[in-house]
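Here come two complexes built around chain A, the first alongside chain B, the second alongside chain C.
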Partner chain A sequence: MDLALFLQLLINGLMSGGMYAMVASGFTLILGVMGVFNMSQGHFYMLGAYLTFAVAVSLGLPYPVAVLAALASMALLGVLFHLAIIQWTIPHGFFHMMLVTVAFGTIMTQGSLLTFGYDAQVVPAMFPGSFTIGDITLNRGKLLVIVGAIIVMVALYYFMKTKMGTAMKAAAENREVAGLQGINAKRVFWVTMAVGTGLCGIAGALIVPILSATNVMGTNVFIRSMLVVIIGGTGSMSGALLAAFLVGIIESFAFQYIGQLNLLAIFVFVAILMFFRPGGLLGKPLPIPGQ
Partner chain B sequence: MGKLSWKIFIIVLVMTMLVAVLPTLMACKAKEEAAPATPAQPAQPAQPQKVLKIGSVVTFSNKEGLELKKWMDLVMKVTNAQGGLKIGNDTYKVEIITYDAGSDDAKAREGLERLVFQDGCKILLNMFGVNEILSAQICEQNKILGLGTGFIPEGADPKFNYYWRTTGIYFARAFHYLVYNDYFTKGAKTGVIINPESQSGHILAEEYGQAMKLAGLSVYPEIYYPSDTVDFGPIATKVKSLNANVVDLAGAGGAQAVDIISSLKDAGWKGYLSPSSLNKNQYDNLLQRVGKEYMEGTEMLYFDPRGIQKDPTMLKWLDEYTKEYGEFVETGCFWISGWWFLKDALEATKSTDTEVLKKYLDNMPHGVMTLDGYSQIFARPDVNNLRTIDCAPGHGIGMIKNGVMDFYRQVTVKDQYLVSIKAYNLIDVYQKYWDKYGKPTFPPEKSVFDFADLTK
Partner chain C sequence: MSKTMKIMMILLGLLVVLLIAVPWLVNPYVLQVLILTVTYSMLGLAFAFSLRVGLPRFDITAWWAVGAYSTALLMLKAHMSFWPTILIGGIIAVVLGWVIFIVAVPRGMIAFLMFGMVVAMAMQQIFGSVKFFGGWGGTGLVPNVTIGSFTFANKPELYYLGLFFLVVNLLVYYYLYNSKIGRAWNAIGSSLNLASAVGVNVVRYRMANVLIGNFFLAMAGSYYVAYSLVAVPTTFGFANSIFVMMYIIVGGITHVLSGPLVGAVIITFVPEYLRVAKEYESIITAVITILIIIFLPMGILGWIDRRVKPWFTRWGKEERKVLT
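Up next is the complex of A and B:
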């Protein structure tokens, strides 16, 4: 393999990884802190993409405004979802919570179909076109996703060092003990939900100038996000980041050599990893339902 | 139910209604705004007494299925408003019952069986998104007519005697051959086909590859991608590393085709594109992504039949669609073709009897006009099926000039039939058939190919 092809595949992998990182970070945060297996995580990402289209194209507002709108509205929707449904379902156990998230995801998909129709929607790129360095072609939009993902991850890193972030980590570690320390679990939970779903909103907003917004985009990315969480380790933000880029890169390189079986390469990697590190790279094993 | 459970139930219900109803209201409002004012309706002719029940199962989860349903509803409404369908000495009220095929065979079977056993339909039409074998089996078991789609080889099996593929892809190689040949003339030497990983994706890739070879191009192994692909960058990088001159997105769906082409541009690939299945809306999306220069000279399906159709009856139908639904959407035009075959058979035989209609359709000697031009069904001696079952659809080829699609040429039924036979290397088999039963006749349209070209 020549160097140009290698670097091109690497860039592709980093771009996909950036997207997975944002969705998976939110997913692992909600799973780790609240113990909620949010099956609608990908749907928040889809809705974020559609909202960006609505704000940037239908309303004609600048793209950065659309990104902020997607972030804010998905965070708000996540909080509403939590206050109206999730918090009442938590006492009923893991499967109840999972089922309500499936239902909510279905409602979001149908709602977006009714609102935006079956046609895919595209948003013109803020930084259109590509540039070349040697034989490598770099798309500005993809670079924006990579840079955006890194910025969001750095911001999240510092957020987790704040008082609220520490409370979230404490709640993730042991909810009862955190409560005894005076941590308001209710507040922690809705903030977690806002951050987790807001990340999806921003991921959808960043990706929509590159990939068309469709009603299936959420499902597709969610499968990868689950793999990222398994590889990175439940509740581990740094694990999710590392695993996301790893999954993106494996997927990119594998497609070049084994084509459509590229997802198989990731599953093989997961199987080997699980054998040696059941808790993933940097986390703990997934919660066992009922425990 | 405890107090807390009721509380949860009410909150869930209210939230669900809010989330579901708001977009619905927005969509309804948008529809109201788009819909033209309804003119005063003229006095309706007296309604006929007899009812012709036709059943259909299409998938409501994609645009093709929904548009097909819109067309079938329109056909029913307009035909009945005109007094019904005249068949022999009787006039029939047309009733087309359509069910959702869902996303699996079980739901589709449920719909098909409901049509047959509960609704009493003797004719099934345009089963888009339904497993072809399932449709053919239901028709065979119950001895009812099925005018459906033709995507997979098994659908042409002679064991099915009540199924016709009035829309399909088997006799459709001239379209691609002519496009590839143009690109070959312009200097292209190699080609690659990108398709989703599916049964129909593999079939399309094989058939399109044969047309590519016939046009003189060297064909690289097909590139398949999983249907849940998130990023198309790796596909574009692979195409670039192959250095293929022509890329055909044979079975890539609209949104995926848009993303693949923009990924190709992002990867720096330059060459000739053949994005077969883009519609107007998807093409507009693509232009936003890649710009008009990238698409210059691209040949593809001419998507709006209003631009090329000259038949006054079909133009009237296209007009009826716009009157009924406001904005014209071309997606369903191709897939409604089964109706025109059925109408031709009903009017020609002056009968609704299944066996009479079957006999006519089994030996259909001529093409019928459809919204996209002439279409005709032919026998398949290569699989020992001597009934006229498989369609050769006429198509328009458009060429992109300065970002706008211009009509470039018409691919005729005769072109589609003959080039397909040549591309599949089946000349000997068909020659024997023609020697015994005679050569088929074709619709009156000017074709590029003739029988003599088969051996050139």
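Up next is the complex of A and C:
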């Protein structure tokens, strides 16, 4: 394999890995802290992409504004979803909570279908074109996505170091003891929801200039982020980050050689890994409340 | 036989008569929808079956597809009759399921759930991408199901065939739920730690449950091919699992046999009769599901148990014997 192709595939892998990292860390955060298996995570990602399209193209505002708008509105929608629906279903148990997110995801998909239609919605790139080093051509937009994903992950890392982030980790570790330490579970829950869905919103906003917004993009990313969470270990943030880039790179290289069956390649990889390291890539993950 | 039992038997008999009379009562379109409802009820029963041991499964469409494809391909390429393909499809689903789930079942519910989701997606990709299975356009047209010289070609006959499969499903599940293995499953479902503490081998019993579920899912797939006469990968999409979950919740999560059936009928026919545009149908379904989860967490049948039955004091006093 020549270097140019290798770098192309690597860049593609890192780009999708960045997306999976954001969606999966939001997912695993919500799962770890609240015990909610959020099936609508991929739909928040899709809606974030559509919102970026609406703000950047329909309203004609600059792209960075659109990214911020997607982040803010998805976080807000997540909080509203929690306050209006999820918090009433927490007493009913795991399966009910999961199904409520499924139903909400259906509403989001169908709503965006009715608003934006079946066609892919294209957002023009902020830095179009590509640059070349020697005989290697790299797409600028893709590099921007990777940089954006890294910035978001670093911001998330520092957020988890703050008082609120520590409270989240404590609530994930043991909800009762966290309550005894004076952690307000209600506030932790809605902040968790805002962070988890906001990450999806910003992921969708970052990717939309490369892959235009479509109705099925949410499901595709969600399935991959499931694999990421399995590899990284449920409830482990750093594991999810590492696994996301791993999955992205494997998928990108597998797509080059076996085409449509690339999901199968990751799947086999996950099955083998699961057999030898049942606790995830980085060892023992955090316990999930109610498992 | 107590008086309550007699009333139940009469109601059950009326229901059977109604189900048999349906093809004369409704128009062909509704009959078509009913045939679909029968298929989905079978999926729902299998879902409720593994939910019993605390494993919500998202891979039902994968095994449904395995059954459908094995029936379709065996009938097309090996020119077999329909009936043995049910068994072969079921065995393929069980063996394949055993190979795949040997890593997922011991890791507990969350990992099983996510793994199942990926299995469903991967299976659809395989059926769509590999040339042997016919690609995204689906397999060729399968011949009609025959038994002796009788051909299942029209809607009413296919409806009765589906009813037959549904009854077989119900009888086997009923037997299993009330057998010794069923009690072990019940123990695992109510309290995992307690069950393993009293000596129930959780992983083995869960595996057995999942594999039996696989067999019946494959059977539902065979029936699907019997009436649609073709297996197309897009039919076995992931979204079907979601609808099946909605049936379980709407019908009543504690009623493992009747819940999925009631839920399937309600979810299929309520949007149908609300006369809304097709685009709004899934939104309505989703809103109904959310409202039912928030206000009737035990589903329609659970609500009947709690609110309607006490009106008939005899029913209220009588302890429900099977299937809490």
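Heads up, the rule we're going with is that the second predicted complex is superposed on the first by the 281 of 291 C-alpha atoms of A that agree within 3 Å, B and C clash if a C-alpha of one lies under 4 Å from a C-alpha of the other, contacts with A are read in each partner's own complex, and residues count from 1 in each chain.
As a working rule, a residue touches a chain if its C-beta (ideal position, glycine included) is under 8 Å from a C-beta of that chain, and two chains touch if they have at least 3 such contacts.
Source: prediction; values computed, not measured.
Residue contacts after overlaying the shared chain place A:N184 against neither chain B nor chain C.
Touch criterion met: A:I230 reaches chain C, while chain B stays clear of it. In the superposed model, A:L263 lies in contact with both chain B and chain C. In the superposition on chain A, A:D119 makes contact with chain B only, not with chain C.
Once the two structures are superposed, chain B and chain C can be ranked by residues of chain A touched, with B on top. In the superposition on chain A, contact is made by A:L80 with chain B only, not with chain C. When the two structures are aligned on the shared chain, A:T166 is found in touch with neither chain B nor chain C.
Within the superposed three-chain model, A:P278 lies in touch with chain C and out of touch with chain B [touch as defined at top]. With both structures placed on the common chain, the touch criterion links A:T89 to chain B and to chain C.
In the superposition on chain A, A:L31 makes contact with chain C only, while chain B stays out of contact range.
Within chain A, the residues touching chain B in one complex and chain C in the other are 85, 88-89, 100, 103-104, 107, 110-111, 114, 219, 223, 259-260, 263. The part of chain A that touches chain C in the complex is made up of residues 31, 37, 39, 85, 88-89, 92, 94-96, 98-100, 102-104, 106-107, 110-111, 113-114, 219, 223, 226-227, 229-230, 234, 259-261, 263-264, 267, 270-271, 274-275, 278, 288, 291. Across the complex, chain A is touched by residues 51, 56, 100, 103-104, 106-111, 113-115, 117-119, 121-122, 125-126, 128-130, 238, 242, 245-246, 249, 253, 279-280, 282-283, 285-287, 289-290, 293-294, 297 of chain C. For chain B in complex with chain A, the touching residues are 4, 7-8, 11-12, 14-16, 19-20, 22-24, 26-27, 62-63, 66, 197, 223-226, 228-235, 237-238, 240-241, 254-255, 258-259, 262, 265-268, 281-282, 285, 288-289, 291. Of all residues in chain A, those touching chain B in their complex are 5, 8-9, 11-12, 15-16, 19, 80-81, 84-85, 88-89, 100, 103-104, 107-108, 110-112, 114-115, 117-122, 124-125, 128, 130, 132, 137, 139, 141-142, 210-212, 214, 216-217, 219-221, 223-224, 248, 251-252, 255-256, 259-260, 262-263.
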